[in-house]
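First chain written, first letter: the chains are A, B, C and D, and each begins at residue 1.
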Amino acid sequence: MKRIGMLTSGGDCQALNAAMRGVVKTLDHSKEKVEIYGFLDGYKGLIYSKFQMLTGRDFSGILTKGGTILGTSRTPFKTIQDPDENGLNKVDAMKQNYYKLQLDCLVILGGNGTHKTANLLRQQGLNIVTLPKTIDNDLWGTDMTFGFQSAVNIATDAIDCIHTTASSHGRVFIVEVMGHKVGWLTLNAGMAGGADIILLPEIPYDIDKVVDKIEERDKRGSRFTIIAVAEGAISKEDAALSKKEYKKKLEKRALSSVSYELAAEIQKKTGREVRVTVPGHMQRGGSPCPYDRVFASRLGAEAGRLILDNQYGFMVGYKNREIVKVPLEDVAGKLKMVEPDSTIVQEAKLLGISFGD
Amino acid sequence: MKRIGMLTSGGDCQALNAAMRGVVKTLDHSKEKVEIYGFLDGYKGLIYSKFQMLTGRDFSGILTKGGTILGTSRTPFKTIQDPDENGLNKVDAMKQNYYKLQLDCLVILGGNGTHKTANLLRQQGLNIVTLPKTIDNDLWGTDMTFGFQSAVNIATDAIDCIHTTASSHGRVFIVEVMGHKVGWLTLNAGMAGGADIILLPEIPYDIDKVVDKIEERDKRGSRFTIIAVAEGAISKEDAALSKKEYKKKLEKRALSSVSYELAAEIQKKTGREVRVTVPGHMQRGGSPCPYDRVFASRLGAEAGRLILDNQYGFMVGYKNREIVKVPLEDVAGKLKMVEPDSTIVQEAKLLGISFGD
Amino acid sequence: MKRIGMLTSGGDCQALNAAMRGVVKTLDHSKEKVEIYGFLDGYKGLIYSKFQMLTGRDFSGILTKGGTILGTSRTPFKTIQDPDENGLNKVDAMKQNYYKLQLDCLVILGGNGTHKTANLLRQQGLNIVTLPKTIDNDLWGTDMTFGFQSAVNIATDAIDCIHTTASSHGRVFIVEVMGHKVGWLTLNAGMAGGADIILLPEIPYDIDKVVDKIEERDKRGSRFTIIAVAEGAISKEDAALSKKEYKKKLEKRALSSVSYELAAEIQKKTGREVRVTVPGHMQRGGSPCPYDRVFASRLGAEAGRLILDNQYGFMVGYKNREIVKVPLEDVAGKLKMVEPDSTIVQEAKLLGISFGD
Amino acid sequence: MKRIGMLTSGGDCQALNAAMRGVVKTLDHSKEKVEIYGFLDGYKGLIYSKFQMLTGRDFSGILTKGGTILGTSRTPFKTIQDPDENGLNKVDAMKQNYYKLQLDCLVILGGNGTHKTANLLRQQGLNIVTLPKTIDNDLWGTDMTFGFQSAVNIATDAIDCIHTTASSHGRVFIVEVMGHKVGWLTLNAGMAGGADIILLPEIPYDIDKVVDKIEERDKRGSRFTIIAVAEGAISKEDAALSKKEYKKKLEKRALSSVSYELAAEIQKKTGREVRVTVPGHMQRGGSPCPYDRVFASRLGAEAGRLILDNQYGFMVGYKNREIVKVPLEDVAGKLKMVEPDSTIVQEAKLLGISFGD
């Protein structure tokens, strides 16, 4: 008999439900008797002992359902060790609830921040298995995260839609893709959507190079230009600022984003009409794509297998087309970024895509 | 033998190509010999005599293609009668080019502004047939316009995506739908996407009623609320302003939009996290949906039939499930708006949707 | 206080759930107290008194869900008046259960067969309100049925997919679309998908005309031909057979369908490779399209309004863009077919589409 | 200056155009002057010297377009060495045309059969670079082929649609997925669509095990069962037949397929209604999914790079997330099959999926 706690933390994404279904189906089809405690709204549920008892039936029919049936919330790692407003030590509270419920392990689905906290709980002696969830595909130790391919599809759809209107009007169009620190999503959606320019956090851009590309296209007779811009895209000038100065600048932007600033600059330098589209939170919503459903189900199944084998302290990841277990301490606190000279960036450049560098 | 000019004007939308294909296929399959002059980028092409000779082959395979193969531009009716920067009288220029090319008629695809200019050209003695293109479905004299249903699909998709993330996080989400003056698109996408609150230009909202609905949902145990907001949604207070005052206010908003203002108010009044999504120009892009393809093809075919019959001065419209011809003077300058007490609004209210009124 | 029975009968389709949600939301938001008895698997549930008590909560979140949460089955009108294998008179059983549960009315969602039985129950004195469900759009008394537009989308998708492969290989492709007696679905999907030939039950085809069209396309340089064929498409020869002879012929076809027969004939007469695709039951599945969601919700809301007004004996239909109530006796037993000389068929012919007639 | 011949051979699939665009964009953006000879309809174009001179412009805007702008045909390897009906030796003809046009190399896009012929041409001394195209993902030497993920999406869509109708009616549904020899497509679509049973060519099934699974589901209260069946799925009995006997059996099946046979057996053994859906050629059609667009573009770019480096005799493949070059002799004539005891099959079993073994 096993008592298993489960929670989803951080921004939601596609295939969270598929992954949990994978874990629970695997446990359900084993000989082991299992009790599942679903903590609500991320770590909060564990801190304040808000949970539901779940059975296999609760996880049936959710393979194609977006979001997470457990709810989620952002509980920043920075503050997880601070006492809450009533003076409750949150880490202690999580440990106490874990032991009070006599849990055998916690299954935690989340991204970077979530993994830092998960590793902290492991250090505190809890049995942890994690699953790599994020549309950013920026988790260290795994080639792929679930949610990513579904988000690529939505962002690409946005670029596809913009393509027809851009070509009809002969305009410059900026499509802002999610990703504050890491550009995988923008890079892939940009390549899939046939963007002419792709601007990533990892490759600071020179506004003049961006303008050059637009004008080169014009000379070739292409009336329009599509620019895929990551939320965290940064100009060479801004990249040269101190962290503090840059943070200040970001605060000034307020509601607006890098895209509007970029649009204004291009408009000024080229005299062309520039339009901005921000699909925003759409990118983490909707039904997971088949790739993510298969991938999350496989990861979930392997997480179930680890639990049945009493192997804890791992993230279930994906390396060289094999499912692997990665020690949590290797994952926490590291980001997998787009290398400016990686093969895929080189290939994008061979295709004529400019990175503004 | 017939010489036919064709142009698409105003914001582009889905099924413009399908409609033109319908006209050309009909002419092509008739016994009449036909020459087609495709004017580029809307009325500009007619003013400056920029055109391409097109054949049936150019219109083959474009049924499913978004945008317009002729290009388009906004040439506001307000300024169409003014001379251009070189002193050229634009209306005279259009007439001259029409007669110089010995055109038998002009086929013009566009929305409201386009129809005002089309009617002006008709008054000047040109033979005109128009087709009702707009994602806003706000053209007078027709129950439906092409582009509308495709835009509903995209806006609904956006709401669907937001639904999963809203329910996972327990947040209030605002989805801003296109439509500055008319709310058909927001109303239909809102109903299709299961929005809880729908705010339209035609029905000024009371912020307190909006807040009430959010809190009523909370009491019922619904953790989230989805609000579909038209670009031109307006509060009761703003609706009471003079036109001049309101215009001033709009100018202040600048890059931002009604949604961000609304979000800030709700956040202040309810203490809840509110997020905004603006699918924007995506709504006019992409491949037309089957409904629009059939509809635009039918309208195009009937426009072809009118031309073969030498019947001019009409928009081809749709009334009570029949294709009809509507005199241009009846169409120009009028908007088809959502009546606040119309059956569809009543039905939406029966379903529990609040309009904030 | 009202006690309402509800059932879905016949082949399932998209937006059944959306329609039921519309009814229940309307009742729920009224002041009336309501009890809902959901009968399982169509009329069977009423006959054998298998039902679940449902509340508003059961209908929440199902707007976008395909199928029917009540289950359905085909209970042919022909046999509904026969006793079952235990000698139970099925009509009597339905009446008894209706009265035993003290129902105020029955809400019945279904197509043609379903409406015949619904009308029979009305004649027996039961209070009935029906909603027009069918992908065939063949119900008398309403311009539109829900499910239809969603099915058009799927069938069109199939033709779109086939288009690319047909043009790559230069083949003749037959896409078989659902519809044994009525061709609305095939006609619309065919027009939307750009089919070159459309064969409908209502317009018997001449195989030589079909072959002519293929060869005419060949001469024009079009390497491929797409034929949209309704399941019930019929050749002129077969249409001349007696009903009995034709039925015999259909029985011989067994697993195969008209498409394979047609493919063989074309292959023989033209020497071309012909391929057949049968999307089949896919056409009634999946999430309803936005059009159907709005439409079914509106119908549901109006059904709710009728119930609150104690108005029974009607199907809620749609005429000239208004929701209307149609006496059940006017609906039952009649089919709304494609008229061979209707405007839409004429328009399709103007576009160059052959009906093989 | 380089003269490059290009052809697509075998069944078409998604992203053929994207891959060719990748090659041509890469060459176009290099300093090398390039002439491109597009051979029409596969090897036939090379044999009979039917080609078009193409430029970068011809490959613009085709990233999202399904099919192949060059056309394709099946030219079986078995017969490629035989003289044609006029006594022309086809291999000699290809060589002669290659030399007559003074080509520097041939870029060949295709699957298994295509690669055998490509390798033969390499052995004859021609410079060859190939790209792995197939929805079957069965090419040796590469982890992935383009077309595969797009086909998974379409087949999964079919299962998704069937899911709603299966659950409404409580039926057993068979969805037949493409794949005569290899089951990757069925395995992935089956897992993504939540199929309960998956039958593959590589894992012969026992009909009794299939029936057991259906009845076990029934006992658990699941009213329906979805079976994903590869075209080449085979029972244990048939797998025990000699090749000759099995071939005979296949011939008898004629128009029908394994699915109809299986349906009949299940119906007989369980008394349940079984329905079959065959999406067929739809699976190779339509616009490529974003994954395939990125993947094919990257492969195309690397093929361009090989050509610029004068490296010939390779297929551009994908191994452990890196683009690699694989000697043609290693690829030709080998199939990459699903191993019955591979990790992914084990994981599917953990999820409760039966393979009937």
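The working rule: a contact is a pair of C-beta atoms (placed from the backbone, for glycine too) under 8 Å apart; a residue touches a chain by one contact, two chains touch by 3 or more.
For clarity, every value in this text was computed on a predicted model and none was experimentally measured.
Each step here moves to a touching chain, and the least such steps from chain B to chain D number 2. Chain centres here are means of the Cα atoms, and by that rule the chain farthest away from chain B is D. Computed centre separation for the pair chain A/chain C is 42 angstrom, with centres defined by C-alpha atoms. Centres computed as Cα averages put chain B at a distance of 31 Å from chain C.
Centre-to-centre spacing of chain A and chain B amounts to 35 Å, using the average Cα coordinate of each chain. Residues of chain A in contact with at least two other chains: 160. If the chains shown are joined wherever they touch, the resulting network closes on itself as one ring, and no chain has more or fewer than two partners.
Taken in their complex, chain B has these residues touching chain A: 8, 11-12, 14, 16, 41, 65-68, 71-73, 154, 157-158, 160-165, 167-170, 173, 223, 255-256, 260, 275-286.
On the side of chain B, the complex with chain C involves touching residues 22, 25-26, 28-29, 63-64, 143, 149, 152-153, 156, 160, 188-189, 191-194, 289-291, 293-294, 297-298, 300-302, 304-305, 320-323, 343-344, 347-348, 350-352.
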